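The structure that follows is given in the form of structure tokens.
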Amino acid sequence: MSLLEVSGLRKRFGGLVAVAGLDLSMTDGEMLGLIGPNGAGKTTVFNLLSGFLAPDGGEILFGGRSVVGLKPHEICRLGMARTFQIVRPFPQLSVLDNVKVAALARHPAMPAALEAARAVVERVGLGPRALSLASGLTLADRKRLELARALATEPALLLLDEVMAGLNATEIDAMVRLVSGINAGGISVLLIEHNMRAVMSLSHRIVVLSFGEKIAAGPPREVAADRRVIEAYLGEEYVHPAQA
Amino acid sequence: MKLLALLAVAVLVGLPWVVGSYLVTVMIFIFFYAYLGQAWNIVGGYAGQLSAGHAAFVGIGGYAAALLSARAGLSPWLGMWIGGALAAALGAVIGYLGFRFGLRGFYFVLLTVAFAEICRVVALNVDAVGGALGLYITFTGDPRQFQFQDNRVYYYIALVLMLAATALVWAIERHRFGAYLTAIRQDESACEALGVDTLRVKMLAMILSSFLTGIGGTFYAFYLFSLQPNAVFGIPLSVEIVIRPIVGGAGTVMGPLLGSFILSPLAEISRTYFAQGGWTGLHLIVYGVLLIAVVLFLPQGAYPALRRLVPRRPA
Amino acid sequence: MDATLVGQGLLSGFLFGGVYSLMAVGLTLIFGVMRVVNFAHGDMMVWGMYMAWLLSVRAGIDPYVGFLVCAAGLFVLGFVIQRGLVERIVDAPHEMQILLMLGVALVLENAALVAFGPDPARVRSPVAQGTIWLGPIFVDVARLLTFALAMVLTAALWLFLTRTDLGRSMRAAADNPYGARVIGTDVRTVYAAAFGVGAACVGAAGALVSPILPFQPTSGLGLSVTSFNIVIIGGMGSLPGAFVAGILVSVAESMGAVFLSPSMKELVSFGLLIAILLFRPAGLFGKTAA
């Protein structure tokens, strides 16, 4: 049984077709990269998967069970957690308290939740700043916090939305190591990313979206050489005659 | 800190035996409005759902208990719970309509105001519940009917209400429910993504808040011996309820108490000294100025500001 | 049901709607440009009424002339409120803005109470006396004049917003505050002017109503709530919406008074409000929330 099975996913906003019949599947333990030019519909897919948007059509099976129509918090409880492209920390709470809110989903008692939160905070490397107010963190730390919160809900599948965006090279390397470690620990990851180096090095497989449609899928190397992908990102002129 | 609190409570317990009746009355108002403010605090402060129609719950609780006592001979000690339940029912309706339909901020405020005003207009026009004259409670001084000859009994009841509500909020803060409320106030969508059933949590807060406020309505009715639709359902009462926690610190345990201890004496002074000279409403001007000042300079209220003045001992 | 009564109700509701429209247009302008909900709107209107009263009683100026002074006075008040208070919390969470304007409302309402006392006041207009008969239905000259002037003011406002630079800047800032800043608009002045204009509208509305109805400081609250009703029904930020909804709500209230009872007419507008809040919060003309 595959972890995630998406078939015929459709979503339109008025006249704009954001997602046009997407098929996607993930197996347990996989790291799948979701790439595509801006406006391709990637975040919309995340919103559809995590229950923030209702699809116009299609099916989403998570662990064999349909999650279409479920509310975001129910989907989270089932084991699919997401981060937001523009991070949303609880500004007036400390790092630890931020993660504690997430941990409470699995550990209703405060002491247990705090302990679980502390462990996650250490895991993502925010230990020294555990008591700092979230509003005072750097962007890199806020991204870690966002990741930590999602982790604290103990998901089977983690949806990461551009978790590298805005980070410098050193921070990206650290984040890549972190995400890789999370995946190695058994959590499947579906990540939207613009940073090609990161996506290529992390992903087992890649799916490419353009204008709401899947135009390519496969191992990173294959996808990178696919002419349709190059065309979508850079335009026709850049397709090398040798690849045509 | 705990010692200080115990000391304060001891002082309050002993107070009625050393001060005159007038001061006892002032204290009753301080405690009572602190209680109402604390009840509001649950949904308005912690959950951040600004309700400007909480008077509706006071009115419903009061009217229910008063009517049950007068028409059915039911002791207010029991009627109190029914009043609270009815208020909670209205709270559930308002909460459901507001939260389910995604009304936030200003729209939610307006919804609460609309319901309170509807209650007021209905109470004003339905003669069966007293109409424009309202309800009057005949004085019997019978404790079984929640009436006491001695002012001091009301004092202790009000004190217990205030302390109980405060203890409840203190407990909530340390419980998962409280953590969820605080998080929802800051970012509801993020909460949803973290497995929090925000609708359920908000509903719970609203129901609890309105229930407690409804119980307060019974105290109101049987302390003042009269229920006037404009007074008990009107916006002025909602303002009195809301302003104490906001000035004192919404979303904190001590906020409503601090707010009430600051504002109630103020209101009383202005009412006593200025009402005769045609200066009715002066205390409301002060409320308005304080509200503006708090928003501009102390948005989190007086209590958090005071806490920052006192250096924290390292954990 | 007596047709005359219904007709009478329709007519007076329609005419009074002119005032409601002017009131609502002011409120929606303030919201549209600054995203500020003016909880003090009704209290500003009351001050417009009392200013007209002062002019009439102290200076013998007819309210149908004095309304311009009232508008100017309220413009200044609105300008000062925006510049002095609202501007400071432009980045604060929305609840803060609500509480701030609530504070302003409390101050205005009770300052009026202290200054003028709680008893209802009335303004006499020597100009607008008498009634005109249209068949079995009659209309007060005063109401007609109020309606006419309210329409004139609304038209003037429309011209201001579409033909003048400042007006266009306001509309630009309403549509795209960030963009307006980028092209160098002095946003602070535009905002303050917008609040001023919105307040002027409701101040004028107050003055125009003062010869028709008795008023007292506590009327402010009810007027605020009515303004919100109208603006939500019409669509927050939509000027045509506020205009149409003003007349609609006035007629609905009038019909409520005819068919139910005068004191229950508020139930009609509240019922309408709740219905709109639930089913079409964008209102009749409103854009869907960002």
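A few comments on the model shown:
So that you can tell them apart, the chains are marked A, B and C in the order they are listed, and the count of residues begins at 1 in each.
We adopt the following convention: a residue touches a chain if its C-beta (ideal position, glycine included) is under 8 Å from a C-beta of that chain, and two chains touch if they have at least 3 such contacts.
Just so it is clear, the structure is predicted and the values come from calculations on it, not from any experiment.
Located most centrally within the structure is B, per distance between chain CA means and the overall CA mean.
Chain centres here are C-alpha means, and the one lying farthest from chain A is C. Set side by side, the interfaces B-C and A-B show unequal numbers of C-beta pairs in contact, with more at B-C. Spacing of chain A relative to chain C, judged by their CA centroids, is 49 angstrom.
One inter-chain figure worth recording: chain B and chain C are separated by 32 Å, centre to centre, where each centre is the mean of the chain's CA atoms. Separating the CA-averaged centres of chain A and chain B is a span of 44 Å. Across the complex, chain A is touched by residues 174-176, 179-180, 182-183, 186-187, 189-198 of chain B. Contact residues on chain B toward chain C in their complex (touch as defined above): 48, 50, 52, 97, 101, 103, 105-107, 109-111, 113-115, 117-118, 121-122, 124-125, 235, 239, 246, 278-282, 284-285, 287-292, 294-296, 299. For chain A in complex with chain B, the touching residues are 50, 52, 71-74, 76-77, 81-82, 84, 88-93, 97, 100-102, 104-105, 108-110, 113, 149-150, 152-153. Within the complex formed with chain B, the chain C residues making contact are 37, 85, 88-89, 92, 94-96, 98-100, 102-111, 113-114, 117-118, 217, 221, 225, 228, 232, 261, 263-264, 266-267, 270-271, 273-274, 277-278, 281.
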